[in-house]
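Going by the order they are written in, the chains are A, B, C, D and E; count residues from 1 in each one.
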Amino acid sequence: GASSAGAASRVDRVDRVHRTAATRTFVVADTSSVEKLDPDVVTNFLDFQALGLIYQQLVQYNAKLQLKPELATSWSYSDGNKVLTFQLRKGVRFDDGEPFNAADVVASIDRALTPKTADASASFLSSVKKVVATGTYAVEFELSHPDNSILTGLTSVNFSMLPEAGIKAGNLATEPDGTGPFEFSSWSPNNSFVVKRNPHYWGGKVTLASVKIETVPTEQSIASALEANTAQLGLLTTPQVVDGLPSGLTRHKVLGLAYRALMLQDEHGPLANVDNRRAISCAITRHQVLQDAVFGDGRPVGPVPIGAFASKPVSVVCPTQNLKKAKAYLKKAGDPHGFTFSAIASDAEDPTDSAQATVVQSELSQAGIKMNVQNLAGTAYVQDWLAGKFQAAFAENGANPSPYVMYGRYFGAGGNLAVPAGYHSSTLQKLLAKGDAASTTAQQKPIWKKLSATLTTQAVWVWLFSAYNYAVTTSGVHGFQFEPTTTTSLIGLRTTKLS
Amino acid sequence: MSGDIVLQATAVEKEYPARGGPAVRALRGVTLQVERASTLGVVGESGCGKSTLARLMVGLETPTRGRIEVMGHALEPGRALARQIQLVFQDPFSSLNPRITVAKALQEVLVVHRLGSTRTQRQSRVDELLGLVALSPRYRDRYPHELSGGQAQRVAIARALAVEPKILVLDEPTSALDVSVRAEILNLLVRLQDQLDLSYVFISHDLAMVRHVSDVIAVMYLGEVVEHGPYGEVLDAPCHPYTRALAAAIPVPDPTRRADPSALEVSGRPDAAREPLGGATGCPYLGRCPDAEAVCAEQHPALRPIEPDHTVACHVALRAPRRAPRGPLVERAPS
Amino acid sequence: MSVVADPSLGLPEAREGLQLERPRRHGVLRALWKHPRGRIGCVLVGLVVLLAIAGATGLTPYSPQLQNPLAVLKAPSLAHPLGTDQFGRDELSMVFQGLFVSLEIACLAVAIAGVVGTVAGIVAGYLGRWPSAVIMRVTDMLFAIPAILMALAIVTALGPGWLNTALAIGVGYIPIFVRIVRGPVLSLRESAYVRAGRVLGFSNVRLLFRHVLPNVAGIVAVQVMMALAWSILAEAALSFLGLGPPPPMASLGEMVSQSSSLAATAWWTLAAPSIAIVMAVIGFNLLGDGLRDAVDPRTQSR
Amino acid sequence: MRGVDLDVMAGEKLGIVGESGSGKSLTVLSVLRLLPDPPVRLLGGSITYAGQDLAAMDEKQLASVRGKEIAMVYQDPMSSLNPLLRVSTQIIETMSAHGVPKDTARRRCREVLHQVGMADPDRVAVAFPHELSGGMLQRVMIAMAVAVSPRVLIADEPTTALDVTIQRQILDLVEALHETSGMAVVWVTHDLGVVAQFVDRVLVMYAGRIVERASTAQLFSRPAHPYTKALIGTLPRDGAAHRSALVQIGGQPPDPARLGQGCPFRDRCPIAVDRCAHEEPPLLPAGEDSVAACWRVEG
Amino acid sequence: MVMQVARRVSSMIVTLFGVSIIIFLILRLLPGNEVTASLGVSAGLLSRAQLAALDRYYGIGQPFYAQYGSWLGSVLTGNLGVSLASRTSVASLVGAALPVTLELAIAAMLIGEVIGVVFGVLGALRPAKLLDDVGQGISVFGLAVPTFVIGTGLVTFLASVFHYFPSSQGFVSITVNPWLNIQQIFFPALTLGLGIGAAVMRSTRTAMLEVIGLNFARTARGKGLSRRTVVWKHLLLAALVPIVTMSGIQLGYLLGGTVVVEDIFVLPGLGRLLLTSIDNRDFAVVQSVTLIYAAGFVFVNMLVDLLYTWIDPRTRA
């Protein structure tokens, strides 16, 4: 914990920043707030984005969601793909001026894998047996089995490279110290998070002197802040608000790194019957759901929404809504007049849940299927979801370019989300393991294609859509690029100029 | 008068706890009795404890010390002798529930005390009661606010009579009423007493009224009875200086006579101080008494007979020669 | 010199002890109708209730749930007098239904607060001593906890739904009823006619229910109107914070908060439920005003 | 209330009697235009004081008459004083309103409090109304009224809420003030005893009208109007036997809002004749200094 | 007097103690714990060992009385505990948020009182005249339109028409930049003040109409006092008790209202802190903030009572 004196001085610092650099502070407005400063334990999007300005990882995605070097310049597998070796970038310094080297990598990964840290992504590195420094700028990961998704995992902010000294001192939760373009300046919980230009940054000149992420709790207010130019960048998710903005503002949009699905349980009840699940899948028009939930501002997606292995957005069973086929499936299932099930949803988790539920309910009823919707408060939903206490659940799940990272935890052997996934199949388990072990993209492609096909033909869940995320900038902002991944979506600020 | 005692109060004291101070001693050892079919008049200035006495008599409150017996039975805490003794309040309007009609108010009493087994029996009893107080049955379904003050007071009396009590305590039954209806209520009370063999405790400020209806009069001052006796003696030949002042203060509705100003020499604070000026031991009337002597400051005067039926609590009066009857009144000089 | 008294305007000085009296029921209604604001309140509330009943019984132009993908976000027209929403549902029909849901919540909330608060207030006022002390202390505590937190806690603990929203709002309003009722009961307990009842040997139960309760009915009724107005607004605020009853049976507050982001593109989706809220709230307030004057004997002629 | 003629002569003591609701208060309040408007409105007539018509004055002009020329004392002293202001504040502001300088006013405040018989004027001055008894409050009211030496004092039942002994003191006090300053007094009451002992001339009101006007001696010795007679008759008189029946007026006063034509007292009148039912009697001479509104008066 | 104050203070403490227990129990009834609240569905990704470590960190599974005791201990020592979500001291969070809410509440109260009393008094003096109608209009509007509609409307209007939204660049304390601070507080205070003003106006108007008919008002006029003295000295003073009562009640509700308004106008006040902390199941923060609200409420009530005795000498026992 932090002493109260420390926190108070941080608050003071906010004021000071305001006074001296009011005009030069670049303000980013978001409805949520930065909740934690320890990169290993953060889970919410804004925390990723904010800490992504300070910290860097070994590897990262580029705009096309391909892996690219970050603090590692290159990597290679050896020993039957069971050893992964990274060559580290030289001349990198933390913002306190200390140089970055292999010891920092070892300490960082060890910290993430210690249970006490409670790193939320630790399971992605479950194959890591040991990390050793083989030189000042070389690190070896010893794996228990061949695992290519580990690279994907390493892009997460949860595996940021931290200074060994800071880890030992145990003060990173309050005083971040990273190698990124910006360095931590101040944080006022629930309100604002301020970073300033990192003078030791290795990746070129950063023009913005300081960036402040300001919590503006409603999107309507963010819109107003942009219009009043008291914020230069607004992060929005509601298309209606974006539509209502005046023309002087620049809109950037990327497909969000989350997909919406109607998760179905096959354990008990009507949904245990695959044909009933297929009937549901056939009765739903994804375009309509997309239209009504987010005003069409998104894309219907299949199991793998993004990246090199993105699946066709439609189900193999019913490419479009087909009520006839839905009825046929119902007949086959022995419930020709339809059946009733209930679905949980939570507007606290995803504000479009109730809209989705409204449409889906209406469409299913055309096929004679009655869906009762139970709208739960956020934590109640989380509890039921985690315990698998639902027949169906409207869910917003994280997407990842790596299908293994996305689905291994649900359908893989020993996946820790097997309970909410609610579907067990050895076929899927095998597919996932095989895909994880395959070392090249070409090898992986057919495997992941098969995975998508299996998931949809079995109608394990009903995949609905991914929505856009918006970044709106004011007219004086130049050079901002909205990166497609959550981790790095604000990294475009590195090259942003303010006129 | 028969010697039959229906109500006996013995050394009754009542204290009210007061916030941040000593308790208010509203009654300080009152001993009184009421005889069957007679009227006890109680007079005294505002705040001297008349209403408190009334509340104690009907069992609304219990005495702090002392004892009250009604028809030979001691009043016990929480057990009102509703069937024996009833109270008629000063303001008839506020003592009647504004939402209940005349007939319903009377019936409720009959129902509660299971008087009359059938509805028709009760209804005829209601008519009978209204007849008793000379109200025509067309007032049965009126609400209190649709009655005049006199009528409302009749209803209140009828309600009290519904339980066939032996004693009525009347706490200023006419002072909220108009002059013109006062006579009407007094006449009614006198008639009812004769008709039903009732005993009254009649509390009032109005000496003329009290004199007119009472057989025996008790004069109270600061929670004590200071003079007690037959009406004629107490009011026409008052012994206690307070009674004298009281009698003299009343404007006589006759321009040819005028009160004797000398009887009115009330010095000191005219508003009754809560604690007697005589302190714990002296006479409570001390500070205001024109005749006070040294002994008055030292010794609390007890109620002692000055005539067989007439008692006074005054050191001076018991020694001094009786004043002439009607003393305070003199002929007015022609203007 | 001539002076006239206008009997309709009432006596300025009330007789002591008649403070809470209400002689006759139709008298209240007539007084209410004569009261200029009371009359508007009656009309508005009547209208609101009628529309809500229409919404509940399906007497609406369209089914409130009927989605029409071909008529999404249409501005008001003859076919849809208040336009349509993002699902192509008819706003007018939804407002009717929303009114019903809002009233349902408000009524239940006020019923909870009114019954619990009034009973507690009467007990506290009539029994005095320690029951009163306990009740008043608990009331103080309830009062001191921010209503929003209470509501948050109740809705989060029990889950969203109109019953729980109503409970959340009701609990927050209990202390008001307790306080409003206790004072008059305290003075009624000492009133001459309750004393008269005691002297006549009436039991406490009889005195409480036949003589005390009817005489606080007036102020309770006034407070009920105010509470209804307040509850509708409170429900709207809870909806704004995401604690309202969930769709598809949306309350007015939920409708407003859902459409507040559409204000720029489809103003009618915000305007329609807002107007309904304002109408209902004004109606109940005015009705309460009227009722207050109607049950006040000081504004009654003898 | 209709056609009430009220004339007060300088330095006289006038009494107004009548039962509750007969319009006594309205009459005296209308003199200073203090009627509770909206419910009650002054419809017509004139109120003349020293040649000026008060009915035609605006509020500003009225303010200079109120309190300064004509002062009032009201029935219920507890509610007629502002409970939130000290006694001295209320007395001093009266004087300030009529142009008395602050320090003179302060001195005079003490003086008048002493004058109305306060043993300890300084203590009373700093007291709040609730700290004083009814009798003291009524004296404060009188002190406030006489502080600016008005020419007329109107007292509307100032002693009904008080004890007899205290009432007596107030009566004596006003009597003394009247005698020393020669101010005229209008004393409203329903107590015939007060009338008999205290005033020179009496107006008897019934149902919003004056039914008899007479000197006090005349009124008691030869009451002219049957209502006056009845009123005097209701009192337990000296000679009456113990517990004997008292005279009752019987019936009820008419509803002032529903007065028909004819004499308003006719329903309760023991000597009513046909004429009384449709013709309202004017004030007819009934003795040397007495007029009565009754057809049956013997002139 | 001393006795009375002592009694008041002790009853205040009892109330606050009761409140803290009620709050504590309510919070424990909420589904979810710190872990699921802070991680959401991602909590499912944690391994058993990780969860055990977190449980230990948050003190999950400790008996209630131990949790309550440790929180109470930290309150009594004045640091109000540690926010486990942000790992900072609650005192520092509250220290930053309290002044904002306090300033907002005071400003809203001021605006509400001015609107309410002025229109209430003037309206009561000339019922059904233009000024009264305007006042009644404001009061109906303030009472009936939900705060968040007024607030959102105001924000949208100012931004789209005047390109003005002073609050969104971060709240500035009044000691740093008074002018900007006043701009930031004014509009949210106005939003809240309208509602308060409406309520105060109604009770002022009613109270004024009531006292206008009272006997002492007649006495005041009868003494020849000027109209202004009668109205602003005698009548308003006498009407003050119901006005103060209503203001006290409004201040109580105001605390709830700040939650919504702080959201819309981007003010980092207690209301927002409370909401986020409930979402995060950050119990120490919720309990302490609620306790502060409750203390504020109880304090205001005491102030109202003191005002009563100041206004009305009869209540000075």
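One rule holds for everything that comes next: contacts are C-beta pairs under 8 Å (C-beta built on N, C-alpha and C of every residue); 3 or more make two chains touch, one makes a residue touch a chain.
Please read all numbers here as calculations on a predicted model, not as lab measurements.
Student: Can you list every chain that touches chain C and also touches chain D?
Tutor: B, E
Student: In how few steps can one go from chain A to chain C if every step must land on a touching chain?
Tutor: 1
Student: With one step meaning two chains touch, work out the least steps from chain A to chain B.
Tutor: 2
Student: Ranked by contacting C-beta pairs, which pair of chains comes out on top?
Tutor: Chains A-E share more contact pairs than any other pair.
Student: Determine the centre-to-centre distance between chain B and chain E, using the mean Cα coordinates as centres, and give it in whole Å.
Tutor: 56
Student: For chain A and chain D, let me know how many angstrom lie between their CA-based centres, rounded off.
Tutor: A distance of 90 Å separates the two centres.
Student: Based only on mean CA positions, could you tell me how far chain D sits from chain E in angstrom?
Tutor: Computed from C-alpha means, the inter-chain centre distance equals 53 Å.
Student: Based only on mean CA positions, could you tell me how far chain B sits from chain D in angstrom?
Tutor: Their C-alpha centroids are separated by 30 Å.
Student: Would you pick out the residues of chain A that each touch at least 2 other chains?
Tutor: 220, 348, 377, 379-380
Student: Would you pick out the residues of chain D that each touch at least 2 other chains?
Tutor: 36, in rising order.
Student: Chain E: which residues touch two or more other chains?
Tutor: 30-31, 152, 156, 213, 215, 263
Student: Under the touch definition given earlier, write down the residues of chain A that touch chain C in their complex.
Tutor: 219-220, 238, 240-241, 243-244, 288, 291-292, 295, 345, 347-348, 354-355, 357-359, 361-362, 373-377, 379-380
Student: Can you name the residues of chain E that touch chain C in the complex?
Tutor: 11, 14-16, 18-19, 22-23, 26-27, 29-31, 140, 143-149, 152-153, 156, 213, 215, 252-253, 255-257, 259-260, 263, 271, 274-275, 278, 286, 290, 293-294, 297-298
Student: Quick check on the complex: what are the chain C residues that touch chain A?
Tutor: 65, 67, 69, 72, 86-87, 155-156, 159-160, 242-243, 246-248, 260-265
Student: Spell out the part of chain D that touches chain B in their complex, as residue ranges.
Tutor: For chain D paired with chain B, touching residues are 19-20, 119, 132-136, 162-169, 171-172, 190-198, 216-217, 220, 230-232, 234-236, 238, 240, 242-243, 245-250, 252-253.
Student: Chain A touches which residues of chain E in the complex?
Tutor: Residue positions touching the partner: 30-32, 36-47, 49-54, 57, 79, 82-83, 85-89, 91-93, 95-97, 152, 155-156, 158-160, 162-173, 176-177, 262-266, 268, 272-273, 276, 279-281.
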